[in-house]
Amino acid sequence: MNDDAFKKRGVDYPVVMGERTLPGRYYHSQEIYEEELEKIFYRFWIYACRAEEIPEAGDYKVIEVGDESIILVRDKTGNIRALFNVCSHRGTQLCIKPAGNFKSKTIQCAYHAWTYTLEGKLIGAPLMKEGPGFKKADCTLPMAHVHNWEGFVFISLAEDPLPFEVQMEALMGKFKDWRMDELRIAHHIEYELNCNWKLILQNYQECYHCPGVHPLLSELTPFQSARHDYSKGAVIGGYMDITKERGSMTMDGEAAGPPVCNVSGDDLQRVYYYSLFPNMLLTPHPDFVMFHHIVPRGPGSISNNCYWLFHPDVIEDKKAQDRIKSAVDFWDLTNRQDWQVCEQMQVGTRSKRFGRGYYSSQEDILIALDKEVLKALGHELPE
Amino acid sequence: MNDDAFKKRGVDYPVVMGERTLPGRYYHSQEIYEEELEKIFYRFWIYACRAEEIPEAGDYKVIEVGDESIILVRDKTGNIRALFNVCSHRGTQLCIKPAGNFKSKTIQCAYHAWTYTLEGKLIGAPLMKEGPGFKKADCTLPMAHVHNWEGFVFISLAEDPLPFEVQMEALMGKFKDWRMDELRIAHHIEYELNCNWKLILQNYQECYHCPGVHPLLSELTPFQSARHDYSKGAVIGGYMDITKERGSMTMDGEAAGPPVCNVSGDDLQRVYYYSLFPNMLLTPHPDFVMFHHIVPRGPGSISNNCYWLFHPDVIEDKKAQDRIKSAVDFWDLTNRQDWQVCEQMQVGTRSKRFGRGYYSSQEDILIALDKEVLKALGHELPE
Amino acid sequence: MNDDAFKKRGVDYPVVMGERTLPGRYYHSQEIYEEELEKIFYRFWIYACRAEEIPEAGDYKVIEVGDESIILVRDKTGNIRALFNVCSHRGTQLCIKPAGNFKSKTIQCAYHAWTYTLEGKLIGAPLMKEGPGFKKADCTLPMAHVHNWEGFVFISLAEDPLPFEVQMEALMGKFKDWRMDELRIAHHIEYELNCNWKLILQNYQECYHCPGVHPLLSELTPFQSARHDYSKGAVIGGYMDITKERGSMTMDGEAAGPPVCNVSGDDLQRVYYYSLFPNMLLTPHPDFVMFHHIVPRGPGSISNNCYWLFHPDVIEDKKAQDRIKSAVDFWDLTNRQDWQVCEQMQVGTRSKRFGRGYYSSQEDILIALDKEVLKALGHELPE
């Protein structure tokens, strides 16, 4: 691709003066990574699972957050709990399967048969009498806070987290027309990537790379159409215009289904990009919702789980399967194009001779993102 | 399994007040692991091999202890030597095969042909004249101390170890009736496990987990029958009753052979469990002896070598092979049940929210074990 | 092999008094390894590639040096450039293929299409206007210094390296008769080895190990014939006599081809061994040139690339292929013998009980080599 690909679109912003990228060590240092776990992933609200994945009492899904393993479980009253996956007795991991159903409506440790309710209360500790030093009531499983927003289950491992509505202010009253809690997972792909988690967020928040990296995407949604409609702290949102009438992000640019629920008006020609710092990327289309769940595994590796949500009517419609596939294929292609450059950036930033480049004005959101990371870590960089 | 499995056995000990487990970092920290090598594995008497594995002059077996590699070799006078597997010249590893025979009755370095006797004395250094700064007598291979107890070869890498009889006081005069030096290895299985070495010792020293984890074992030897008959420092022993008359630990609960040598009286209905801290677990049955040799590979990984010793008459008896197999199969099954929960405990204890649980009275030996580790390391834990 | 193999050659030097090997940690410590990268590999002139590998404008080869990746590229004027493989914008790695040709005669970053000339000058940064804080002229790719000696391309990552002629004084005016810039790569083997880079240099600089390790080599070139003809700092050279008239280092000891270019006189019966510290070993024979390019990957692992250079006439001669193969086979055999003992030395030197051995007089060059390493690192060892 040559410069003309940009120039003919007639855009040429002035550079954001003096704003530079993070130093390379922010993508490679084990120490900084562990600080990020402590100060970001163990504190902020983070995406955990879809409520639909654990519909019945006893249904559970296990997720990993740094060194922690969390059981998301539906209790008998229908509430979702987030229990630390570790027995209070000797520290044994309770659940080893990634998902399932606790048929007995209790959680029993495989080692010494300590037994907990679905709410995490210890109700059985064979052979152990209560007395000073041991009370069952003191052995309730540690729990994370839970918030269900439109079928997306968020958790916070902090003792006392910010209110969800404060951290995720950008979402309040947003996307109501999609009625996302009614949507269901039509497809899921898990990608194992060799890059830092922040590179995925950075990549998601600028379309400066689109003309070169994503020819098909750029055809469907011109990168100059990108607009922000929200930016506060680390939660940043925007949209791009879908050129084709009643089009969408699919291999042929045609919609993958009818508009979702009550989506109407301008939203019929837009794809939204909302970055729910630190571990979720939400991408509502007129006809479906795509989202990513980023699971950091180390400074230079992540699992990135991509989900496609459709209305149940579409999922159940045999004739619609090709259209769903077209949406999946489009984003799978686009994802892989992104992973390639993110992994190249991961490798390149190891160089001691990379001296913090200058951001273009197209990348102004990344400056906000970097600042949010630095603020959370309590770091200050020299000019 | 539900609580009834415990309750119907009618046992309900009061809890040991105030005694808590080790913090999770004792199973995960690289630093603590290296300290354990230094202060435990490089100092204590540790199990190395069976004397029968190197019966003839020149026979050798190589074992790993942390960063050290040791050659156990039978010298010309029939003594067993424990030589460090490292040439005094440039530090080259002398033996690369795990076992063999030095046909020349000398050990020659592959690099520059320096040659040592089986006693570790340098007798050949081609092209090098003795003189100030180089004397062959100064280049004898470093050696570990060796002690043969009933055919089990123990070594100590310490310059000046405690007398074997002091560290292993529990063994003195014990198990004479088995005449274990006459027994031979009938079978061997090596397990590679993802857990800390201490979890294996802990697992071995309590039967609180038996009803849930080992249904078959619990049938053959009720867990309430467990008794200690020795406990001093880290060497801890006990036994359990074999319910069936002339039974043993086999798939069908029948003995795998006649009583070993002079075993008689109560010992005919008992299985003993002796934990020879830090790296051996000795389990004499009336009809055979099973033992484990634990080789730590890192904070979270070990090799665990399980051996079955039988009397040579049984090993040579074609008709007895099925019975040997039944003993091997029983313990292989039981081992794998244990490895599963040990590995789950390894994973779970990574959690920062695991805050040191309370031991049950069934696990009182583990308190002694933990204390021995802390004492060896010179660590004190806050209450 | 017994001592007689040495003795019958009638050589028995007195030991070099008091000179001892490096402590084992110099082969295992991650910290020392990183210091070596910093103070040796990122500062000294190091071998990078053969000029013939990138003959045309736009041809490139990528090499790794510690954390750095360097693009060796032929520019439009025929000069070879050594550009850091990292975009000045966000730090993305520019080239991911190990070699190729920039058809456009520009280097374009895959991420945001920043474009550089083959000289590293930024000529395209789409959508970015120059202004305070961003000037294209400030975004030229970092470059390493380049020196072409007889077709061997050396680079230095230092800002201000020693003159090539000072570091490589040993080479000045040496080996002119081979006209090595006219030679071409006939064969290449890459070996992945589990040993420290210094062990390969040490191994190359003494033939004390030859009688035992290399029976065939010792037959062709008696180890007693080894002579130094240069030794200053870390660049050390010498030669050995080829016994057979018009012989060479091949499987049958016969020359692999006619003498290279102008080689004549004594050089017809010699094989030279020049150690171009830190990463190249140059071995000119009368009829071909063999060399090694050592790429450190960590304290205990390297890639070792072995090349065989022949005159183009020989390479193009169908009938000569068997002879080339004989030279390749000889050195492949000899290499593997060396790798085996180097890897054994790597393992053995982990032992805490290896207490720095004494060098023999046959290994006096290794003393110089160790001292050069210590000097570069600024380390002093206790006596």
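Remarks
Which chain is which? They are A, B and C, in the order written, and residues in each are numbered from 1.
Keep in mind that, in the parts below, a contact is a pair of C-beta atoms (placed from the backbone, for glycine too) under 8 Å apart; a residue touches a chain by one contact, two chains touch by 3 or more.
This structure is a prediction, so every number in the text was calculated from the model and none was measured.
Homomeric contact chain B/chain C: same residue numbering on both sides for under half of the interface positions. Matching CA atoms, the turn from chain A to chain B amounts to 120°, rounded to the nearest 5. Averaged Cα coordinates give chain B a centre that lies 47 Å from the centre of chain C. Shown for chain B are the residues that touch two or more other chains, of which there are none. The touching residues of chain B, counted against chain C in their complex, run 42, 67-69, 84-94, 96, 108, 110-113, 115, 124-134, 139, 142. Only residues 1-3, 5-7, 11-15, 17-19, 21, 24, 208-209, 211-213, 340-341, 344-345, 347-354, 357-358, 360-362 of chain C touch chain B when the two sit together in their complex.
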